[in-house]
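Structures for review follow.
Paired with chain B in one complex and with chain C in the other, chain A is shared by the two complexes that follow.
And then the complex of A and B:
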């Protein structure tokens, strides 16, 4: 029975596609028996079963946590870098305490395109939170503390004395000026591992800037300063400038994510050294978005050092590998990859079956027979032109099936809704849904470290209303009693979350 | 009268020595510079000293997962197939740039730039796992190592009897990492690359300009997602190591690279999950903040250069003025106070249609300016702006040079190389990362490992060599 729906605003359309009316996944994943058949195809049934038995995602929550007992403070605003670092540790079971000012981290309130209807709501208070913030607030505690007051700082120091790691993301020198930077805290807690995460650096001629009015530098400044943007995107020979043929930033705050994970790696290495490798003391670590990102831009700067080459944009093609690109099909894009001879000839066999021309022009071209010589620009153009000839009449699914038959690394370019429905991803799964106490139905990206045999990373809760854990954490670790807490709340130094249970 | 108790020196607050007093008085920047002591990394301890890791890896993703450990002080042995070795060595941008070992003039010993930075500080040995002799060698290595990372198709190591099922029996403390595309499930044998992860996990679909603006999904410049995933894998290894020290138990880690790309696209998932809204590409602007985007200026900074990367491309600038006062100031500078009147609240100016209007106005204003002029005007007004830097400008930047994150290094095998990795992954004050060498030629450390570590006699090693096992 179709119900008549009248659409007056965007908010009306959202009800139609809401999760309540749209099951996820729409198509159930294949059963374990069906997947066993896939393992058998390459005579790996026994091994496949062993992996499923030992790495099964849904068993994550009944296994121990690798970082149980490690306490972490996460203090900073606006950015995802320190939040991602905190998330990685929190997923492994560390007790991560996010310190926010009483009015909250501004990132809490940033809705995509400023649209209120894209904000998640706390069921008890109606307090709104940005999906971006929510997604990185996994397994964390929210504590509010006004660090601009003397008393707030004293409490912060007490907390800092009891923790193992601090991830800090304030402008350079800000915490030091307040008397709660590494310099001061390392004297209270010599075993403290203090990680500052920024965009350009806290020292040096181009250190992080703050505008005249106090606005911070945020990603994509890191992407811009690392050369990432200059080298990403289509060149004007392929698309007109201003119409897609420009240097392009990542859709996500990728420099923040890169800095965050390197901060986590460095902090964990420092922790290992401190506890198990004779260090017995903490240290100061600095990670920046721009440097963490150019660290992973392959050979680019080395190439400049080699012969002053300035790497240009090459769209979705790769200057170093052939084939290694996505090219248009009938219903989107198909990525095909394979560099070594083994894979190169398999791709060719697969395409040649439908398109004999491809065999004549590609397989038999003497210049294309040598692995490195295939990367010359004219060879890339030739290969991809002919590949696209084959692709353009078919859909992604058909092509993927054909290529996988030849064991070729190939996959369709998927949009988020397609990713969430792709059978393999649903089976494992890669995105998962949590029924959160405060925010209800939340879909999240599963931690890539969830597939550990003994200590998988996991998401236990997602999001936290502002100040939900202020009382508990301060009572437990800052030596503050209930009376003092009430006084602090009255003076606005902390904010304590008070749910209204009648709302639910 | 109040009694003043004598507090022992070490319990008193404040500096405990003259050095500490001076450190406390120092300006903060100088304190940081002194503490990180760039250029003096080799004299400090290593965080992961004593850890030995086997790296049966190829390409970028898994080698980088391990090279993070090697930079932090672990001893890493990279095992390659004889002859072909890591296919990445035959990879170079447009087949142009190769480096050659200083003491080896065989014509094919050159190494493409493609492999640079991914195998830092590793020992290079060769071994053909197919041969029955190889299993014994692998078992010996496993008994004296802490872990292994491999990247072969699932089941391959199992077929060779060197999967975790077998290795946990001979070394229960062993940590085994498989890194690849998909992991268990229906597409278990699907191979993967960096670009495949970007395409498959939705990252590409939200990067680039929207169709309405003439754009297509854009690939992150090469292999960023491979590298990024590798680091995330290192975090997993370190967590497992930490837990092993407590419990004495190793583990197996199945690490899917494609999944990592799905992890870094933030609000995409909650938004889709709850309301079915599919996040779209938004080009060089930001979906959460405005003004916070990259614009194109009319004039180039290097109009006379022969290199098109300078002459034509050095025209883009990042402008950020999303707070109310910043936005007001920006509107004043470009003489469009009407925009400020119209979009006083951030919530209003970050809406899609408002962004189009505002950025168009900015590009209009920048039409007769170069990006350095734009940066200068805005910076002098106290706002945040920065040109989109290219490799030349990053190389010449005094900032990265002073921080030691870009430096020339004399590689023992390949000579002078401009290094932009390792040191840039983070400064650590007490156990800094360091690079001893970038890579070594194929099989360079066969003798060191087989003879000196595993104790095989020279005659056996020669025999293996003749048979093509190593």
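And then the complex of A and C:
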């Protein structure tokens, strides 16, 4: 008989959802043989097999890493952009050393809703770490160093002399003021590629807007300043302001992640250029969250420059295509994609089968028979109202099945638990679990760069407790011996990780 | 509520857009004849209504309505007293007035206006160089005049 469990708080549910009690995936993905049959059915047997032979995830550990031998320093607080840039290079095999102050990056301690039970715990020390920070510590080394002391800065300079790339995420001019910015470090290491990642830039009239004495600007200031936020969410004309008709956060810190990705590309371009030109010319690079978002604003700025149009928020509806939106259904939201005549009439046939009214009001409307005229706002309102009339009676899976019968692009909006179980993602796998030395079983998203034919990226470890690698890295690259290290620790310039093996 | 109110009095279909009306209770005015209907929508279903409420004022208007039995007569968004506006659309294209811009907001000629003159060839295709003075002399003339008046800017 099953044991009765009383759930008073989330802590009581933890053991019920542990990997031991509820292995992942609950539903095993299809076997390779079964998938081969699917390729054959689609007349892609050979190409499907070739892709699997060359890109198979589980073979990636046998292959070399593209950035083996590249050494990177990553320094900054509070922000994800320099961390994300470092993560990308670390996945490709670069040796990425994260420098933190002895008390740790504050991001380590930011748990969702401030709840301890949502944090991961180091099995040796019980030290907690937030999921956000852990996610961006993959394949990295954690080194603690107090850069506000003269001695800390000297050690930092020694490390900087040996690296190829530095990703920095401090406020504008901070490192330069400390005497360890690019201007000073390039004297020691002219090959250095130094990427500063910020929000609005290190120069220009707004360079350090916001409080001079307190918090500096972080990701959301980049989002709101770039106009990116202005076009997220629903307009007040579709939903009342305050009842959903407001701009929204994009769900993750998109400015930081976009800037981080751009920073990684910048660093690799500079690395190629440096090595192509004899290997001695490093450079200084600046990337900002605002500009990174400017680049993905689509046609907003050009449209404004063209005729002063300010792009409207249209929520989940695409303003340039019909149908091309997700709308509510019985158990969530359903994405349906169409626009061309081929798809348009197939969608119509499918919906009309259940909802004859759709045929009368949509299929018969002469304006909707014209491909371009379909995109008019009035036509969007009309089409989506009737489509949702059909959707409201059905669950996502039913709708998907019906639409796929008609070869229509249709996809349910998945929630994270469904994503983790989605057979396609589990098969490839895009979602995977890692057995980490410190944090146990951790589910993570496989890097999108993991599907290289020759040099796939990979996650070797998911995170590091604070200062885990301080001793190793400083002994290796900073010319410090054991006694000096002990002295530095006593004076609080570094923190050394001391595991308690009896805890495990 | 992702439903429609097909008004029997004036044969107008009022479209109730899905995100606003998915859960909604109140009075809505017909775009065709102004009849006020009370509706109560729960998770996309018409739980109550539409019930006529003569003499009462509506809380909301539809964004769009049309009359499919009357040559598809349309009530586009933003007609005072009939449909509610879609203010987030910046220009007046939703009222059916096409807006062909020949000059950018800096006062420089742009390509994106229509119809393009026949002299520009199929789809107005001129790779690399757009000889505006040759293909659209009237636009070029207007540009020269704008320049003289100092209306052409570099931001």
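In this section, the second predicted complex is superposed on the first by the 451 of 504 C-alpha atoms of A that agree within 3 Å, B and C clash if a C-alpha of one lies under 4 Å from a C-alpha of the other, contacts with A are read in each partner's own complex, and residues count from 1 in each chain.
Just so it is clear, a residue touches a chain if its C-beta (ideal position, glycine included) is under 8 Å from a C-beta of that chain, and two chains touch if they have at least 3 such contacts.
Values in this document were obtained by computation on a predicted structure and should not be read as measured data.
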Just chain B (first), just chain C (second), both, or neither: which does A:377 touch?
both
First (chain B), second (chain C), both or neither: which does A:244 touch?
both
Once the structures are superposed on A, label A:447 by its partner contacts, choosing first (chain B), second (chain C), both or neither.
first
Among the partners chain B and chain C, which is in contact with a greater number of residues of chain A?
B
Would you check which partner chain A:327 touches, where first means chain B only, second means chain C only, and both and neither mean what they say?
second
Is A:34 contacted by the first partner chain B, the second partner chain C, both or neither?
first
A:236 in the overlay: touching chain B, chain C, both, or neither? Say first, second, both or neither.
both
If you stack the two complexes on chain A, which partner ends up touching A:367: first (chain B), second (chain C), both, or neither?
second
Tell me the contact category for A:312 with respect to chain B and chain C: first, second, both or neither.
both
Please indicate which partner A:385 is in contact with in the superposed arrangement: first for chain B, second for chain C, both, or neither.
second
Dual-contact residues of chain A, meaning touching chain B and chain C, are 234, 236, 239-240, 244, 304-313, 315-316, 376-377
Partner chain C, residues of chain A touching it in the complex:
234-240, 244, 304-316, 327-328, 330, 357, 360-361, 364-367, 376-378, 381-382, 384-386, 388-389, 391-392
Inside the complex, what are the residues of chain C that reach chain A?
2-4, 13, 15-20, 22, 43-45, 63-64, 66, 68, 72, 74, 76-77, 84-91, 94, 99, 101, 104-106, 110, 112
